[in-house]
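The following blocks contain the structures, represented as structure tokens.
You will see two complexes here that share subunit A, one where it goes with subunit B and one where it goes with subunit C.
The block that comes next holds the complex of A and B.
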């Protein structure tokens, strides 16, 4: 606790609130990642940590670092550029990576013929690529909406 | 007063993020399939990045934030390349 002793309470309270909010949401997301049963359920859980978990912690850091104090011993003051860059980059890259990962999992499940996975939709502008199920001459499997997809 | 509040909040955040990293590591180790392991790795990267930010707040040094930026970039590259590998079987075609 070097420089944090000189903070006034009206700065410390929102910083502590956002820190606790962000870390709790990240912990809840990781808990969902460990506890949920299916991969397609688990795909949604960590986004709790990358959206509001990261936003809370970065907001706390921004509030703390923008507090202007000309006292000696204050070493934390700097522009909030790091938090902005981290937040914008995380906001851009998280949907891209999880979308790619979901498509990869869907591709693998179709090739392995896991039951409950919807088949590929025919599109006019995309050439047809037979997956493992359809390459044997069978029809695409019936989609059972009532049942949860693939236990693994 | 504010030192007590900040100390409590920073300790709580560090413990919660460490627990989150442990849960992501559990999914990384025991994930039944490859995509579960990649998802666990992505969560582990994000949690480690937030842990670096919280540690940077506690220490008051700007270097932790730059390390957090580097970890964020590495998380993106690692997850995208692993997802490409899961789709195609190779990263660069």
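The block that comes next holds the complex of A and C.
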């Protein structure tokens, strides 16, 4: 607790502000995830935590650690920027999980025929028609036949 | 040149990442650059095409626009959760948005933007028709979302990337 006691107010106030902002947004996201009823609505709540929730906490950490590492004076300034890497990776990887969950839910709802779910225009009926492959197999030679005279 | 540096942007980004995670010194610059060169050559074995960036300025502009949008939608969604969706009046729903973008890199960037903005979730993209299925937390006007994604983000992405 040594360096935290010596923190001047002009560092402590922004650190506290960003930390409280970030953690409040993350808490609200978790709260929404527990409280919302619809699956697709629930997808939105945790993105509070992965966007400004994380950004606020990381900004607070950057300010505090930069102060901690730096010597007095401008020449002793050592900005700590590791947290940017956490933020970048969080932003890049969140869509992967979110799309996976969203598409899995969409697939389930389409098969179950849940009302209010937009169906894929051509794709939705593919799993219900196992003869589709046979139809493709028959269609392929027809193209070959029609192409052959064209080449001659 | 392009044989040694198949992905110059990736090489640059990895070098910067190396310097961020270690410390700024000449030795780490050389070591990081060497690692980044080997890594981007390894990537070229599975992803031979370079990401074609036409202009950088639209990306800078997009960065600030998206930054502002993320702050605003964070507050909006947090408020909706606190007030229980304007006391039960909030309606969520799906929006189908026809996209003009086709190249993988700008589409990936758009996916990151849409996901990072609370209130919109990328659900499905059909590569054949180019239609994106979006789930919107607080639905106001369907057409607004089509023009919002189309003009605000997609135009800038079309300017920045080739294809």
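Heads up, the rule we're going with is that the second predicted complex is superposed on the first by the 107 of 152 C-alpha atoms of A that agree within 3 Å, B and C clash if a C-alpha of one lies under 4 Å from a C-alpha of the other, contacts with A are read in each partner's own complex, and residues count from 1 in each chain.
Operating definition for what follows: contacts are C-beta pairs under 8 Å (C-beta built on N, C-alpha and C of every residue); 3 or more make two chains touch, one makes a residue touch a chain.
Because the structure is predicted, anything quoted here is derived from the model rather than measured.
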Side-by-side fit of subunit B and subunit C on subunit A, or clash: fit
Partner chain(s) touched by A:62 [first = subunit B, second = subunit C, both, neither]: neither
Touching partner for A:44 - first (subunit B), second (subunit C), both, neither: second
Touching partner for A:104 - first (subunit B), second (subunit C), both, neither: first
Residues of subunit A touched, compared between subunit B and subunit C (which is higher): B
Partner chain in contact with A:85 - subunit B first, subunit C second, else both or neither: both
Subunit B versus subunit C as contact partner of A:31, first or second or both or neither: both
Which of subunit B and subunit C A:117 touches, first, second, both or neither: second
Touched partner set for A:95, first subunit B, second subunit C, both or neither: second
Minimum C-alpha separation between subunit B and subunit C after superposing on chain A, in Å: 11
Subunit B and subunit C contact sites that coincide on subunit A, given as residue numbers: 24, 29, 31, 43, 50, 82, 85, 98, 103
Of subunit B, residues touching subunit A in the complex: 1-3, 5-10, 12-14, 16-17, 19-21, 23-24, 26-27, 32-36, 38-40, 42-43, 46-47, 49-50, 53-54, 56-58, 60-62, 65-66, 68-69, 72-73, 75-76, 79-80, 82-84, 86-87
List of subunit C residues in touch with subunit A within their complex: 17, 20-21, 70-71, 74, 77-78, 81-82, 92-94, 96, 108, 111-112, 114-124, 126, 128-129, 133, 135, 137
Subunit A residues touching subunit B - in the complex, by the definition given at the top: 1-5, 7-9, 11-13, 15-17, 19-20, 22-24, 26-27, 29-31, 33-34, 39, 42-43, 46, 49-50, 53-54, 57-58, 60-61, 64, 75-76, 78, 82-83, 85-86, 89-90, 93, 96-98, 100-101, 103-105, 107-108, 152
Touching residues (chain side subunit A, partner subunit C) in the complex: 24-25, 28-29, 31-32, 35-36, 38, 40-41, 43-45, 47-48, 50-52, 81-82, 84-85, 91-92, 94-95, 98-99, 102-103, 106, 116-118, 120-123
